[in-house]
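The next part holds the structures, each set out as structure tokens.
Next come two complexes, and both contain chain A; in the first it sits with chain B, in the second with chain C.
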Partner chain A sequence: MPQFLEHSMTAWKGQRIEHKPSLVDSFDPRARILMAVIFALLVVFSKNLLLPFIGLIIAFVFACLASLHLKRTFRRVIAMDLFVAMMIIMLPFTVTGDELFNVFGLSASKEGFMLAIAIALKANAVVLTMLALVGTMEASTLGHALGRLKVPEKLVHLLLFTVRYLDVISREYRRMRKAMRARAFVPKTNVHTLRSIGYLVGMLLVRSLERSERIYDAMKCRGYCGKLYLFDTMAWQQRDTGLIILAVLFAIFSIASGAYTV
Partner chain B sequence: MHIVDGALSDSVVIGGAVAALAGIAYGIKRMDLDRIPQMGMLSATFFIASLIHVPVGPTSLHLILNGLIGLALGWTAFPALFIALLLQAVFFGYGGIVVLGVNTLNIALPAVVMGLSFRHWIQTSQPKQAAILGGIVGAGSVVLTAIMVAGSLALTGDGFIVAAKLSLISHLPVMVVEALVTAAAVHLLVRVKPDFFSATRQS
Partner chain C sequence: MTELIRTEQLSYSYPVRGVVLDSVDMSLHAGERVSLEGSNGAGKTTFLNLLVGLNKPKSGRVFAFGKERKIEADFIEVRSKAGFLFQDPDDQLFCPTVLEDVAFGPLNQGKSFDEAKAISIGVLDCLGMAGFENRVTHQLSGGEKRMVTLASVLAMKPDVLLLDEPSNALDKQARLRLIEVLSTLPQAMIIISHEPSFLDALVTRRTRLQGGKILDV
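This part shows the complex of A and B:
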């Protein structure tokens, strides 16, 4: 995949990217997570084309309400779509069924074509919704909200620690890359590059292990006994209940539309 | 390789989710509460490492390093990789949310299998030999992941068999890259911090 399309995957800026405050931010993080998950489940398990199509429209509405960064979102969605394209481009030819059209003697089936379209619609709908409803909150807020939603404590703690140190390790990594560049390291397709990257990863691990020992000592010194207290100001409001009711209504509509009967 | 939402059949998605859940549950059970800072730090490191791009011909590959993750984290690789994939899906739009279970299983199970079967051996070897074993772990876990990804596609339907074969082939360069990077990383770890693999071992 071309490098420029994967730009979004080359650095962790999760906590630093600032979103324009939008309507979505006024909802409780728990309600947003629940809505996104219910929506994703309904869309992904549907068996017809209507529901993924409606889902994609709703996802666009979510994206507009969240006033997502246009360029960044577009880049991420395109990167994923290239990925999807690789997987589904052959489907019309490999799935057997009624012939729809012919390319160089290969017959494309209607069933395969429909399946490919369904996959593309579903993947885009879910990714847009995720970016709009959940991707707009801070990573630590996501951890707290999951904790409040009764996700096991240890998993939430692991997530919070991971997110906290992503910034630290990312800075350390950039520092080491700068040092390599200062010594005229240019990544190429050769063993030297791979060995250097391997040493870089190894050194990063050594440093992070030693840092974690110092952090653990410092935390113990302050009375850490294996429990993090989640301080946050989440307040469930009427509008959050409204959002969940909307999700339930959408679920009823989906089931009533016969999207899950084969 | 991440699979997107909507591609796999219901039974594969649900089966993967159940198996991944079991792995995550066992992983967090094995994880002491006071090891959480260490585990968080290591999983953050692996997350950053997975953002490193290595040029391969005209394009580039990003590292997975699931072999190294398995060596360092053991069963904790399940929750750690689940969190990494969750963050990638939510903040980067990379992969899906309903297939998170399948994706976690496809990457974490090879990590655990290869990591646990080679960890003791690597700990007790000379640096050169450890590097070779590290290379085997790196290559082996990518091969297993490729087979599992192809398997998830093939189980979904006959229409996906071509895509499954393509995915197997596209993992070949990844395998070479991962083998060499993991070998170098293990070589350095064994020489610079010989107790690395025992320090991260769960009691």
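This part shows the complex of A and C:
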């Protein structure tokens, strides 16, 4: 994988999100999540190409409103589009239908091609919206908002713990990786490399497990009995209701446009 | 002096490490600050774990706050009266924000949200950490993390503090702050530390864990 893409998957800067304050921030996190989910469902289930196309345009509007960091957003979208590109190449040949063109005796179907385009449009629209509406809030805020939206407690806890310890574990990984480099380890295609990387991953798992036990002990020491408490200062405002009304209007428009009946 | 914690013939062994505690008798009285020294792997942390029931002794008895403590249910009360400060602050700070972390203990003790919040802010204030309530825990510096963990333990209003290498990885200034804060606290303490200067400034009695026994120094 190219360096600049690897970065977007492994670089974890905790909850620090570097984005300029924008219009999106003035909405309640719950409203943003609801909007993003309703929008995503509407776009994903559409059966024609028009709605995903409109969806993509709306997603661009969201991205502009959220004044997303251009380079970083582009990198993330590209990371996903690599998978989509695979699909665009594969689908015309695997879906049966009217022949569009012919490569080395393999026929590419029109239906497959249309399907691939639909997937590309939908995926990009949903990812952009998520980055704009949900990606711009801190991960712990996301956890709190989900908790307030009555998402099962266990899932919320899982998210909050992941947020909290991903950084600690990735620091541990980087420390060990650095220690390996300090002893002149260079990954090559041989058994030594495989074994060393195996040790690294294994050690990371063992350390994480031990750490989780210590955390659980620390929680027990403070009287933990299965409940976490969330403090937050979310306030639902009129504009949040407005956002939800917009989402509902979009839903009515989507259904009226016949996107789900074809 | 009231006796707060006492162990009788307490023994513990690990499968590979073997016996780390061999019939240990030890007691802690109100107003005492006792050091627990000893080499790495001597079993100091294990001993503290036994006191609050995180490990089960192979034999021997633990008395805490006037009662013998045997099963998990007994130790729940002990844990809220004996505040345990872990070696690595990252193990202890698991909530996203400082306020949530400090309020976690009081909430578990049955306090309401408002009470817990008031207690937490009060304790943070006492430790000179006012204004840190809404900071994100893993972005704090080492010294700040240590103070927040101390606040999260003190918020439960314990009678005893069990401190596992509290001055670990602190710079000189943070260490002095910690000494200053600890020396004003009324709680009885057991302090594990390798630093003579840190202990000299705080403890009233020194003990050493060696060969599975705790001896007065």
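Simple rule for what comes next: the second predicted complex is superposed on the first by the 236 of 262 C-alpha atoms of A that agree within 3 Å, B and C clash if a C-alpha of one lies under 4 Å from a C-alpha of the other, contacts with A are read in each partner's own complex, and residues count from 1 in each chain.
FYI, a contact is a pair of C-beta atoms (placed from the backbone, for glycine too) under 8 Å apart; a residue touches a chain by one contact, two chains touch by 3 or more.
This one's a predicted model, so the numbers in the text were calculated from it and none came from an experiment.
Of the two partner chains placed around the shared chain by superposition, chain B is the only one that A:191 touches, whereas chain C remains out of contact.
Looking at the shared chain after the overlay, A:243 reaches neither chain B nor chain C.
By the touch criterion stated above, A:222 is placed in contact with chain C alone, chain B being left untouched.
In the overlay built on the shared chain, the residue A:135 is in contact with chain B alone; chain C does not reach it.
Judged by the touch definition given at the top, the superposed model places A:34 against neither chain B nor chain C. In the superposition on chain A, A:42 makes contact with neither chain B nor chain C.
More residues of chain A are in touch with B than with the other of chain B and chain C.
Of the two partner chains placed by superposition, A:51 touches none, neither chain B nor chain C.
In the superposed model, A:161 makes contact with both chain B and chain C. Of the two partner chains, chain C is the only one that A:230 touches; chain B does not reach it.
Residues 14, 160-161, 163-165, 168, 211, 215, 219-220, 224-225, 227 of chain A are contacted both by chain B in one complex and by chain C in the other. Of all residues in chain A, those touching chain B in their complex are 1-3, 6, 8-12, 14, 36-37, 40-41, 43-45, 52, 73, 76-77, 79-80, 83-84, 86-88, 90-91, 94-96, 112, 115, 118-123, 126-128, 130-131, 134-135, 139, 142, 152, 154-155, 157-166, 168-170, 173, 187-189, 191, 193-206, 208-209, 211-213, 215-216, 219-220, 224-227.
Residues 2, 4-7, 10, 13, 24-25, 28, 31-34, 36-45, 47-49, 51-57, 59-60, 62-63, 65, 68, 72, 79-80, 82-84, 86-94, 96-99, 153, 157-163, 166, 177, 180-189, 192-193, 196, 199-200 of chain B touch chain A in their complex. Residues 14-16, 138, 140, 143-144, 160-161, 163-165, 167-168, 211, 214-215, 217-225, 227-231 of chain A are the ones that touch chain C when the two sit in their complex.
Interface of chain C with chain A (complex): residues 49, 52, 54, 76, 79-80, 83-84, 86, 88, 90-92, 94-97, 99-100, 103-105, 107-109, 113, 116-117, 136-139, 152-153, 156.
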